[in-house]
Each structure stands twice: as C-alpha cells, then as structure tokens.
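Here it is, the structure in full.
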Amino acid sequence: MSELTAPTPTAERQASLWSDAFRTMRKRPDVIIASLVLLFVFAMAAFPSLFTDQDPTVCFGRDAKQRPGTWFTGEHPLGTDAFGCDFAATLVHGTRPTIALALSVIVASVVVGLILGILAGYYGGWLDTLISRALDVFIVIPMLMGAVLILSLFRGRVSTDTLAETIAVPFLALSLFGWMEFCRYTRAATLETKNLDYVVAAKCLGASDRRIMFKHILPNAIVPVTAVVPTTIGGIIVTEAALAVLGIGVQPPATSWGVLLSKGTEWAGGGYVYLFAWPLGLLILTVFAFATFGDALRDALDPKLR
Amino acid sequence: MGRYVIRRLLQALLTLGIVLFLLHYLTALSVQIRGNPALLFFGGDRTPDPGMLAQVERLYGLDNKCYERTGDPCLAPFVDRLQNFVQGDFGTTLNGNRDVGQLLAIYIPNTLRLFIFATITLVAVSMVLGTWAARHRGKFIDHTVRGTTILADSIPVFLILLSYVYIVAVPLTRWARDIWGTESFMGQVFRPNYNPDYPWTTIIIPGIIVGTVGLASMTRLIRASQLENLGSDFVRTAKAKGLKPLRITIVHVIRNSMIPIITGIGFLFAFMLSGAVLTEGVMGIPGMGRMIFQAVQRQEGNLVIVGLTVSAVVVVFVSLIVDLLYAVLDPRIRYE
Amino acid sequence: MNAELGQADRGVDPVLEAKDLVKHFPIQRGVVVKRTVGHVQAVDGVDLKLYPGKTLGVVGESGCGKSTLAKLLVGLESPTSGSIKLQGKEIGNLSNRRMRPFRRDIQLVFQDPYTSLNPRLTVGDIVGEPFEIHPEVVPRAKRAGEVKELLDMVGLSPDHVNRYPHQFSGGQRQRIGIARALALRPQVLVCDEPVSALDVSIQGQVINLLERLQNELGLAYVFIAHDLSVVRHIADEVAVMYLGKVVEQGTGPEIYDHPRHPYTQALLSAVPVPDPDLRGQRDEIVLQGDVPSPIDPPSGCRFRTRCWKATDHCAEEVPSLDVGDNGTHPTACFYAEERDVTHAVK
Amino acid sequence: MAETVRVIGDTLPGADFNSPLLEVDGLHVEFRVRGERIPAVRGASFTLEQGRTLAVVGESGSGKSVTSQAIMGILDTPPAKITGGAVRLHGVDLLEQNEETRRAVRGNHIAIVFQDALSALNPLWSVGFQIGELFRVHRGTSRKEARLKAIELLDQVGIPDAKNRVGHYPHQFSGGMRQRVMIAMALALDPEVLIADEPTTALDVTVQAQIMRLLKRIQTERRMGLILITHDLGVVADVADEVAVMYAGEVVERAGIRDVFKRPAHPYTKALLRAIPRVDTVGQELEVIGGLPPNPARLPGGCPFHPRCFAAEDKCKTEVPPWAEPAEFHGSRCHFAEEVYADER
Amino acid sequence: GDESDVDGEGGGSGGTVNMQIGEIRSLVPGGSGESEGYRIMKNVYDGLVYYDRETGEPENLVAEDISSEDNTVWTIKIKDGLTFQNGEPVNADAFIRSWDRTALASNSLPLNYFFATFEGYAEMNPDPLPEDQWADPEVPEWAPIDVTHLSGVTAVDDLTIEVKLSAPFIGFPTMLGYEAFYPVAEECLADLEACEAKPIGNGPFMFEEPYDIESGGTAVRWEDYAGDMPAHIDAVNWKVYLEGDDCWADFLTGDIDVCRPTAADYENAMNDPDLESRHIQQDDPSILMLAFPLYDPQYQDVNVRRAISMAIDREGVANVVGPERFYALDQWVPESILGGGTHSCGEYCTYDPEAAAALLEEAGGWPEGEKMQIWVNDAADNVDIFRAIGDSISQSLGIEYELVTLDFPEFLATREEHGVDGPFRSGWSPDYNLNENYLEPIYGGGASVNDQGYENAEYDAKIAEAGSAATLDEAVALYAEAEAILANDMPSVPVFGERFNYFYTERLENVYVHPIYSGPGGDCELREVTIAE
C-alpha cells in the first residue's frame, strides 16, 4: 500500500478563498490608499473630539459664512457655515450620522436579503414565488422614489434627539428598498449551490436544512454579496446626500454630509465654495474609497476577472 | 413565443396590481397620518370654510371616512380608482385641478427624451471604455479606465448637474451665442435650463449627465463579458478557422457580449428613474421623476399612484423587452 | 466460468433491495398554478438485490438514469413508486427526519472530486461532519482521533486534517470523499462513477482502495460507472441499464463473456481494447443514433430504435427481465442470444 | 471522394513536397502567470506523414492540447509564449510565417477538432453559418453557396436530414452530433492535417465508436494526416499508426503502434499499459502508478518521471535522460531505455 | 446689443419681454388664488380698480365710481364702451356672472371665500346633509344647491351694480382690483376649457395661442384696447419655472428679462457693478412671524413671549439667509401697507440677550431639560430661518430647541387643530392693501378659531368698530389701535419683512415693480415697461 501515502501536494498555496482574496488585495496600492481613507473617516465618526474641540451646536447668525483663515488657523480653522457654526466641527460631527446610517442600512439590507434569498432559493415552491414576487414589486419602485414616499409619510414625526432617532427614518426607508439586490444574488447563488455535490453529500449524511443553509450554502452565497457591499455603502452615502438635497432624509439641525452638501451647493454658486468643497471632497473621497475597495474585492473574489 | 409573452404579461399584471395596491395603501396611510391634503387646494395660510373644504374633499374623493382611521386600507376608494383607471380616467390634481392624463402626456415624452440620451451615452461610453479596457487587460489603460469610471460614479449625479448649471452653463451659453447666435443649435444646447421651445436640444446635456450613472458598473460588465468571450472555446475555434481578429470580434464576440449588457441596461432603467428625480428638478425639466417627487411632497396621492404606476409599467415592460431580446440574441433560450 | 458467484450467496438476505423502483420527474409549466405537461422517466421499474460484502455494478450510457437510481437508493430522491428495503426495512418514502437513522447505514460517493467537497472547510471538518450531524455515534472528545483514523484508512496522512480540499489532487480528494462516506460505518456504499473524473494512472489507486476497504470492512457496493472495464474489475454482479430500465443482469462473466442482450453486446463491442493486435479482429457492432429522450421513450422495448434485431413485436410489447428458456441470466429481450464480442473472434 | 487536387503554393509559399507533411521539432511553450513561468511543453518532437495517424497520449496536463494549439498557432500570447522549436508543414516553418500566412494555413491546411464541441461552437449562430463561414472567408463564396456546401458536409459526416438541420443551433444537437458538426467544420476546406484533440472523451462508448469510425473513414478517403490526441489507450490501439507518449511536456516515447504496446521502451508507458483495466481480462488488483502527476510549474530535477518510476535510480534524479533509440523507429527518453525495452514483461 | 433683437422670429421679439412665471392654476377669474395666475390675469383683464404701484391704493379702472353710504350697500358704476377681446360688452352682467360662478360652492373655486361677506353667500354654500341621510355612512352627502345667484348682488342697470354685504366693510373697494372680482365673458363660461387655455380678457394683453401650463405662452398687445392703462410693448412671453427652479441662470444668459437671484446668488449679483443700475430693491408686504400657542401653559406668560422675542437676533438671522432679502420687523403691519409703519413692537423686537434672560427669569425661567419645539413647514428657506432663530434663542436664553418640520398641508392642519406645542412659523401675504388684512384674519375670531388661540375682547371690539368706520382713513386709524393692543399681548412676534431684489436686462426701460402684487421670482408692471431701442 505504499503508493497510498502520497507525497505532500502543492504546499504553499494553502488558505481559502478569503485569505487568498485578502492576500491579493493587500498588495494593491489603490486598496491601501482606500483603506487609509476609510480608516480616517471611521475615526472621525467614532471619535469626533479627536478632530475638533468646538461644539457644532454653538452658532451665531452674525458670524455666518466667515471664510477660513489663510492657513486654516484662528478660531474657526475652516471658517463658519451658513448658520455661523464652526464649520470644521459641523463637518466632523456630521460624519457620524452619515457613516452610522450607511452601515446600519447595509447591515439590515444584507441580513434581510441573505435570509430571504437563501429561503427562496433553498425551499423553492410557494415561498420562492412569494419572495420573487416581492422582489419584482420592490424593484419596480425605484429606490429613491420609494424612500421619498416613506420619508414623507413620517415627516416631523420623530425627534432628532439621539443618533438613533436622527437616522431611524432614513434607515427604514433606505433599507426597505435596499435588500433586493442582495436577495437576488443570494437566491441565485443558493440555487446554484444547492445542487452542488457537497451540499448533496451533507444532505445524504442527514444534515438538517438549517445546517445546510448556514454551513454550506451561506458561505458561498455570501461571496457575491460581499463583493458588492463596499460599493453599495458608497451608493447609500450618495443616496443620503440626494435625499438631503431633496429636503428629506436627515433633518436639520442634526447634520450629515448630505445636509451639509445640500446647503453647500446653494452657497457655492454665491462664492462660498468652501462650504461645498469640503463636504463634497469628503464624500467623494469616501465613496471613491469604498468603490475602489469594492472593485478590488470583487476582482479578488472572482478570479475569472483578473 | 406568443404564449411566453402572454404569460409574462399576466405576471407583469399581477406585479402591477400589487404595486398599485401598495401605493394606494401608502398614500391612504399618508392621508391618515399627515392630514387631509384637500387643504392645499386653498393655497396659503388661510383656513378654509368647513363647507368649502368638504366640497373639495368630495371633488377629490377624499371624503370617505376611511381616511380618518389610521391603518384602514380604504378598499372602496381603491376599487373606485381601479375602475376609473380601466376607463382611462386618471383623475385630477389637487393643486390646480388638472387632468392627470394630460399631465402624463406632457411629462412622459420629456422623461423619455432624457432616457434616450442617457441610454445612448451610457451604452456608447461604456462600450468603448469596456472594450478598450478588455483589450488592454491588466495594463495601465485598463486600470485608468476603471479608476476613472469609478471616480465618475462616486460623484453624485446631482452634484455634477449642479456644478454644470451654476458654473459652466452660463459662460458656455454666452460664448456659443456670440459665435453661432441665439437660435442656433449651439446657442441652445448648453442652456442651464430646459426650454420647452427646444425640447430635444436642451435635454441633451442633462441626458448625457444622467448617462454617467452606473458608468463604472456598466463598463465593468462589458469588460468582463468581453474577456469571458475572448477566452472562450468558440473564439478559439474561430481562430482555428483562420478568421481575422476583426471578424472574430464582430461576429463571435460582440453578439455574445450583448446578453449581460442588455440585462445591465434593463436594471439601469429603474435606476435612471431615480436619477431623473434630481436631474429634472435641477434642470427644470417637466418630467415624470420630478412630477412624482413633487406629488409626494404635496400629498397628491393620486398623482403619486399614477406616476409610480407608469414607472412600474415601464420597468416591467423594459424587463419584458429585455427577456424577448434574449430570445432574439440567444437561440438557446426558447420560450414555448 | 458460469455461476461461480451470486448463486452461492442466495441463503443470505440482501442488505439492500429495490423492487420495481420508478422515478418520474414531472415537467411543469405555468405562472401561478403549475401544470404537469409530461414526465422524465428517469428510472422506470428497476429491481436490484445487493448482498453483504458484494459489489453490484451498474453500467449504461449517459442519461440512462444511473445517478437517479443512486439518489433513490440513498434517499436523496423519493421514488414515484416501488420499494427500497435497507436490511429488510422499507426506506422508500421516509421523511427527512425519519430517514436520518438509516443514513448511517448507506452512503454515497460522488463522481466529481472537485465539487463534492466544500472548498471552505478543512479536510478535518469535512470528514468530521458526519459526527456532528450524528453526535451519538462518537463522543465529542474522540472525534479528532476518529477523523485521523479514517484518513489513515483511506491512505491519506492524518496530518492533512487542517488543509483545504484544493490543496489535494483529484485522487486524493476522492479519498477524502470516501473517508467522509465511511465515517458512519455504513453497510452499503453507493458509488456514482467514482473514478470517471480521474486519470488512468490515478483511477487504479481508487479502485484498489475500494476493493481493500470492502475486504476489510465487509462493505457492499453499488458501483455505478459507464466505463465497462472498470466495472468488470470490481463488480461481482452487473446490471446493464438502458433508458431507465435494466436490460440485462448477471455476474461479471455472464455479462462480459456471455452477453445476451443486443444492447449489452453493442456496448461491449464498442469498448476499445488497448491491444493493437486485436484491431479488426473483434466483432464490431456500431449502433446508429443516440439514446432517445427519456421524456418520450419508445414504446415496447426501449432499445428497439437502435437494435438490429428489432421486429414489430418489439414495438408492441415490453420484454420482461427474464432468464428465458435457454438463458443463464436475466435478459430483457425477445431475441436474447449469446454473442461473444470481447474476445477476438476472427 | 476523388483525389483532391490542391495548389499549395498559393497559401503556403516555399512548400516542399519531399519534406514530411508535418514536423514538430523541439517545441517549447511556456506560460507566464503572475510572474511564474510554467513550461507546458518542453521540447516535443514528432513527425506526421501523409495518410498516417499519429496518436499523442499522456495524462491530463502533460501538454497535449498546448502542443496542438501551438501547431495551429492559436495560443493566447500572452500568457503563452513559444520559446523554441519549429513546426514545419511541407518543410516550411510555420512559426516564422507572418500572421496572414498562418491564418491562411488554418482551415486550409491544418484543421482541429476540439474535445468539448458544445463550448467550441458559438451558441448564437446556426451550425450552417459556422461551417459556411469558412467558405465565405477563405473562398469568398456567397452566402447561399456556403449553405449548400455546409449541407453537403453535414451529410458527409452522417448527420441525417442535413438540409433541415443546417439551420439548427448547436444546443439542438446531441453530443455525438455536435462532434460530427465539429468534424464537418474541420473538413470544410479539405485540410491535409487534422488534429483531433480528445474528440470522444465527453462521449459515451457507443457514440465514441461511431465518431472514431467516421474519423477513420474520412482520413483514409482523403489521405489526411491525423493527429489524434487522447488518453484512452484503447482508442489508440484501435486507430493509430504511430504513437507519441507525452509526460510533463515532453515526448518520452515515440514508436509504431505495435512497438509501443508490445515492447514499450519507457517505464511510464509500461506502467500506464499495466494500469489500464481491460474488459477482456480479469485481474483482482490493478497495478497502479504511484504518486501524483507532475505539476509543470515545479517539475522534479533530472527525469521528471523519476518520483513515480519503478526503475528509477539516483542518476534519474539529477541527470536529464537523453533521447535513446533502442530499436529502429523507436525512441525513448529514459536512461534505461534499452533495459526497459529488453525486458518483455 | 442683444441677439434676440436680430433673429426676428415668432412674432417680432423686438417688442417682446421675457418674463418668468411659476406654475399657474387657472386663468379664469376666481380660479387661481395664487400669485402666478394673478400676475397673468392682471394684464389680460382689467378689474374695477387698479392698485397704484406707488401707494398701493385702488384707483378706478373699469369702474367709473364706487360709493356707499353705510359701507354695507355699495354701488359700482362701470365705464361705458368697454368690451372684451371677443367683442362682448363689459357690463354689469359680465361681473355678476363671474362672481356668481366663484361664489357657488359646487364650482369649488379657491377664491370662493372672497364672497363670504356678501349677502346670499350662505345659500350658495350650504352645509352637508345630516349624517343619517347619507346613503353610504362613510361618504358625506349634500342636498343639490339650487341657488346659483348671489342674492346680494343686483344689476341696477346695464352699467351699475349694487352689492349688499352682510356686515359693513370699509375696505370693500380695496378688494375689487383682485382677480376674484374680474369680469368674465359669456363665451368664456360657455367653453371653460378653451377659456382656461386662451382667456378672453378685457385688458391690454391678449393670448392668440393657448397658454401651456408647462411651457408658458405669449400674450400680444390688444390693439383695440379702450381702457385707461394700455401696454407699450408688443408682447410678453412667460416662461414657466416649476417649483424649485429659478430663472437666474437664464437671466444671465439673457433669456429672461426680469429675475430675482436665489439666496446663494445674491451676494454676487449685488456686487456686480454691471447689474447695479438694473437693480430694484423694495420691501415686500409679506411678513414672517413667530407665533405662540397661547393654549399651551408654557407660553401663557407674556414675558416668556417677550423674552423669546428679545432673544432673537434678527440681524444675525437675516445674515444667515441673506441680509438683503429680509429686514428686521418690529410691527405687525409692514410699512408699505395702508396703515402700516407703527413700529408697535418697539423694544421687545430689539435683540437684547441680557434683558431677554432677565425677563425669562422673571417669568419663572425655563423648565429644566425641556426642549423648545419650533414648528415650521419645510418650504423654501423656512427651515434655515427658523433654525437660525432657534440658534439665536438657544444662545441667548440657554434653551435647547428642536425643529419640527412638516409639509405644508400637515403643518396647516396641525396648527389649526391646536396640535402645536411650541412657537411656530406664521407668515402672511396680504390679499389687499389694508392693515386690516394683517389683523383680523390672523388674530380675530376668538381663541378657538385662530391658530394662536388668542382672544382679547378689547381687540375684537376694536376690529368691529373699525369695520364700520365712516371713512377709510378713520378705519385705518382704528385698525392701527387694534394693532397696538396686539403688540401688548404679543400672541406672535414679528421677525422679518421680506424684501425683494429684482434685476432686469439692459433692453428694458421703465421697469417698475408693484410693491404688493409681484411674483416671487421677479416681475414688473407690464403695462408700463418699454423696450430700449
């Protein structure tokens, strides 16, 4: 039986798809830069006081729209905004709702999409019909429109006391219309996976449906989903800004980048470009970082595209 | 094929029915929660005479008591509405008492024009870029194309539009008019606002800008599908047949790459409608997106329902066309 | 060479017995209400008996229902009709939960070693999964040891538990699949083309492994393949399938040296023999056309459309799988007649 | 079919009819993948004469397909790169020709049949179009005429009712039929060399027999040179005149068909022959080749087969064996070629 | 020069003025009730009176004479020889048919309420039937209305109308220049749909092509105009800017002749030396107030209200939304209105954070930890303004605040049903030029009727007294006294008066802007404007 103790196979290329993806991504300069940007933004959302010592709620109308000092020094390093609040402080404190909203929406959408997608794909039958029909219905209503509809329903009904309350309504509206893409991907991946031999093997061993779904199908289904997550986060940030420009979404006096941008666009034409440029710069940088990250991730997870 | 189309249409009808009911329920809920929009009829800050208010409510079918009970699905008005729709009566608006059917006749063509330019831009640009990137896979050009499109996608469309309107449009228009005159094509095309006298010319630029939505994903799609086909076995066969690269690309790659591209366009359509809300707002285009948005804002329930139903019909219709196009392009997909 | 196998064991009860097994897949249409417009008659009345420690080979062309039969036997599909008895107990139409205890006794080995292992789990996880599903078999503490033992048994180094499947070659992967199937110590192993995806040089290793395991553990195999030469080496008894039906059944020598059904004869004659001296020396039967669609199989004898012996009678009546008047083993043909196609005749 | 008359000078200037039909000489091909160089073919040499069948055998990954694609000139470069050797058709080194000449040679002089006909045919065009395309591109025939030619060809390869089926799409044919379509396409311009790269691996035995018969018939009719790539030694024994055995990108043994089967001069060939289960013999335990097929990126030093070889000695680990000819027209790349050849068992 | 002079196309644009306009509701008198429809109608129709663009006082236009003995029964004489653009005479009937149409409930016209003071209004606007008579208990029903004529209006002769009001009202003539009181031709009522698109007016401009609500339209000068206020330009073209759009960019490219810059463009426009000479800045009679829910115990102490008022830095807030667009207001009736300019709020409308804090202290301070809810509807700059107001109050008094933004209908409804629990926005634009219009409709009617829940017997008496005063001057003075009472009670505090800044292109001359009736986006008196050669 000597032939059965086979020599060690290709030893170096160990590790799974994920660490493989991680390895390729780590080497890409664009990913490194994007990660740094995201780190910076997340830090700003988590610890605003590290970046500014001013209170964004102290505003004097008389001081409104003071341009920043030459070398970003003085009392208001980035000047004041249209309400006379310290602009740097507003900008920094506006990060948290933006990021919190984006992250919570993505988590909710992914969870809902994954669960529905797996259920629909795995069980098929009437459950699949039901979920697919819901997909159809929700896809037919464009996200922004749907969000507008939901948001106007709850105008002024909620206070903006805490972070949770500030983002609650936009969160609801965006998540409600954000899960479909993930559901579709998951469903397709589940349909594909559930007939794979290793899933059949698990079934043959007597594994329960839950075990099969979560242990064997989920890890597969999650790949296409993860690949689009960063890009989608970017999209949510942009949508939030769009909602703010339309006057719905996060409601003042609470701030978010979107709120700042919607004010900034108004004033930019009047010569107060900095009110526009800073939030826009931050937004583009962040969205771009997410998108770049997502692009790289997708490549890394889909070796065919390399 | 005929049977398939009928089946798809039935399915679409079902979807539309659900959409319609959901919308009706949401607007009913909105009336129930937010209060009666009939007040709007009286404009400003004035308190109308209760008798008059009641009259107006009656005029718009908002007098049913179900609108006072939060959560009531208001089935009776829903049935009425469906009946009216079937008869081709889409009702009137609260603000201005205008016939919704006539409004649609104005708004839909504008939005369609916008979409035409947007789609052309999107397909043309992403085709060129995607093919180019696929050709130079892994090289500098490939990375540049992807980086640029991602960047273009990261800038929200409405910001591009706003920058255009506020910064570029006026000087450009003035410059063009100095050279070509006001009434010329060039004198109009850069105008910062839509002008109904030049319904095609003044919608080109907003169309092009909307067309940049989804540029990155479309380019990526095209690049991927071309790469896949370029590396496929049948391209290898074609090479073995001694065909020229150009012929291989035209005959054996492009048609095969069309399938994912068509899917992409199908999805983008719903996406573009969202883009239209902002674009039409910024550029003053009287189109569907803007109409629906304002209808929601003003609680023009009927208009919201009609508008979104139209958009739903379009989306469903587009997806049907996409499916039929598949069959045309791909003989493997046969529908009996 | 006749009757050396099979008959001798008739005193023993079969571990696995299938009677008149039928599986029809409905073809459905419709938007909301689904209508059934037809059936794929994948398996259509198959009788099998598998005795302990023996191997039953199943051969046939692509699409003739071999895999479906395998899935029916291990309870992955429920039969349209017919019965399956595992150690005398009916398992044909059990619910997933009620089937569970029986799963310990019958397991499946898959064809494709690349898709049958979850790429995201380590070898240890894969081979250990049966124990997690059936925690009563081995106490938690002993599982790691058990897994290593299994790996050792199939000829893999127990140090490999923490590796991922893609780090192994096809043959090694197939052994992992076999180890997983053996974990619960089943009585019966259904192997669905376990070597078709492997290179000739590797194929032998897996076949030898299977034979060794049979000797050591007393396993019974249902060995499905379309490669007749492989089946000949491993099977004690062989069933030849055509379009969902068994057309001929018998011991190895009965089938290979004394085939009686025209299809079996054609099949055997089509297998090229790696010996240039036999070129042109053998009786060559080249069939015309392809296997008909199982959705709408030919009436009567299903093979009649490609058969050179077919008469009108074949179209009217379905031949039964009988030993016949002068036969030695069951053959489903009205004109069954022995013809040696494997050996040089000219 | 009558003897074909062809004017080779048109498409292949400098052709010399006294040279062998096709000669592959020391072909080297490597792939560059992520900075790694994978030598897929390392000096393959063989000769094909008109009207003869050369079988190329070897296990998966041994470089059979890459060799055939290099002959056709359809390798994707990059990642592939032909780093050495020559492919001579009628004495003309194809590797040195410009792209236009090479294109003219494809289809006209050398044609290929791939293993997986389903993916090798464009799913979006009818088979008639795909066959007719050759006439339209190389011969400038009209669309209608091309269609007639396509029908004729389909008829020749035994597709019943060719007139109607010419407009069908690949997915509407069964596996065997598709392979016939592929063959029809390869035969369209009446090439002198036909490369069949595992034409029957995906097919059932009964269908395989049909296809092999068809190939054989056509080859004799047209007096083509046929390169048959396969790893099924049974098929080889059935049709080939000569055999080239490949291992790890090299031709390790080359000889006439009977020599290879009866007196192999390379341990790999020998082991392979013993490992094959046969229908007409019964053996309790199969003999096997131990170990794993080599990874072309990390070949062992010396003779690449030495880790699995029963005859290996220390010398095999370090020294690359030379090409030896233990008998006439019988070459082997083994240090012990003579011994292996001599040992009849 | 301007290019549009050169390319003469589409009706001699040499004499065409390009104006912006918003979305209009109707072009038939009584049907619009918003500024945009009125802006077109006032040029297409001639009313009984026309408001002087300097004083805002009504001057007879179609009317020969308007008089009354007791301010209840009014006699209106119409000039002879005037016709509609289709040739129909403009006589008593022309007015009466128009008024009857508007006053009839079942026509559901927005200006219906203008006739509420007429005798006979109630008969034409009955209440619904009692609930037990409805066929469907869910849907209210009305008895059919058989009265189609206002009984208080009679044609004495062909050119004389007699109007009986249900109560004396001295300001009656000031209403008559408004759209609700324009005449309507018979042909127009015969085919309303056509008339909506192509109004049949009696004014100096007429439509030859139908007006399109989406793209606007062109009105040309009516050559046969026989009235007193003719037009000088050949035509006027209205281009529609839907809600949210603005004309500024088009103004800069020369496509629009009169335009008001958006908030953001103000500064640039103001500092542009080129535009300086073509700039019109005037006070707008629209005012903005912060009103209090007097039914809420928190705001019942007048000192709390005063403290809040004094805590608002009006200049600072104006700085946020554009100093040139608003001016601090210290009275309830603005300067430009008849009877305005009393500065009745005085020191309490002056920013003084210390005094404000002291006052609040005096009133018992602000409950710990409670937020002040400021209610506002979300249109236009409102949110910004009230946010700035909130900021200012919060900085001065140390109170935290929160904005509750609702959309307009909901805001109105909540306000009306007294569901508001904090200071709220209250804005007002006048219907006619009289200080009464700023007092009675907002604060009159008693605590249960007005939005503030304000009630002061003295105030109501003063309003009633003024209504029955003998002369207009007397009435104005009495209304001013009512304003003083209001100032003392402070149910709301004035914050801003609006100010408009219009710019016009070089081609225009004689650009005057009516102080009361001008559009939000830019406007001018089209009967007076001329085009430079």
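Order as written gives the chain letters A, B, C, D and E; numbering starts at 1 within each chain.
Throughout what follows, contacts are C-beta pairs under 8 Å (C-beta built on N, C-alpha and C of every residue); 3 or more make two chains touch, one makes a residue touch a chain.
Fair warning: this is a prediction, and the values are worked out from it, not measured in the lab.
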| item | value |
| --- | --- |
| Chain pair with the higher count of C-beta pairs in contact (B-E, A-C) | B-E |
| Chain whose average C-alpha position is farthest from chain D's own | E |
| Chain with minimal offset from the mean of all protein Cα atoms | B |
| Chain centre separation in whole Å, for chain E relative to chain D (CA means) | 91 |
| Whole-Å gap between the CA centroids of chain A and chain B | 24 |
| Whole-Å separation of chain centres (CA-atom averages), chain A against chain E | 47 |
| Separation of chain B from chain C, taking each centre as the mean of its C-alpha atoms, in whole Å | 55 |
| Touching two or more other chains - residues of chain D | 288-290, 292 |
| Per-residue multi-chain contacts in chain E, two or more chains | 406-407, 410 |
| Where chain C touches two or more other chains at once, by residue number | 32, 169, 171-172, 205 |
| Chain C contact footprint on chain D (complex, rising order) | 59-60, 174-177, 204-210, 212-213, 231-238, 257-258, 261-262, 271-273, 275-280, 282-290, 292-293 |
| Chain C contact footprint on chain A (complex, rising order) | 1, 3-6, 9-11, 13-17, 129, 196-198, 200-209, 211, 216, 219-220 |
| Chain B residues touching chain A - in the complex, by the definition given at the top | 14-16, 18-19, 22-23, 26, 29-30, 33-34, 138, 146-147, 150-151, 153-156, 158-159, 162, 166-167, 216-217, 220, 224, 227-228, 270-271, 273-274, 277-278, 281, 289, 292-293, 296-297, 299, 304, 308, 311-312, 315-316 |
| Parts of chain D lying in touch with chain B, wherever the complex brings them together | 69, 72, 74, 76, 103-108, 111-112, 114, 116, 119-126, 133-134, 137-138, 169, 171, 185 |
| Touching residues (chain side chain B, partner chain E) in the complex | 34-37, 39-52, 54-56, 58-59, 63-66, 76, 95-98, 106, 165-166, 169-170, 173-174, 177, 181-183, 187, 191-193, 195-197, 281, 284, 286, 290, 294, 297-299 |
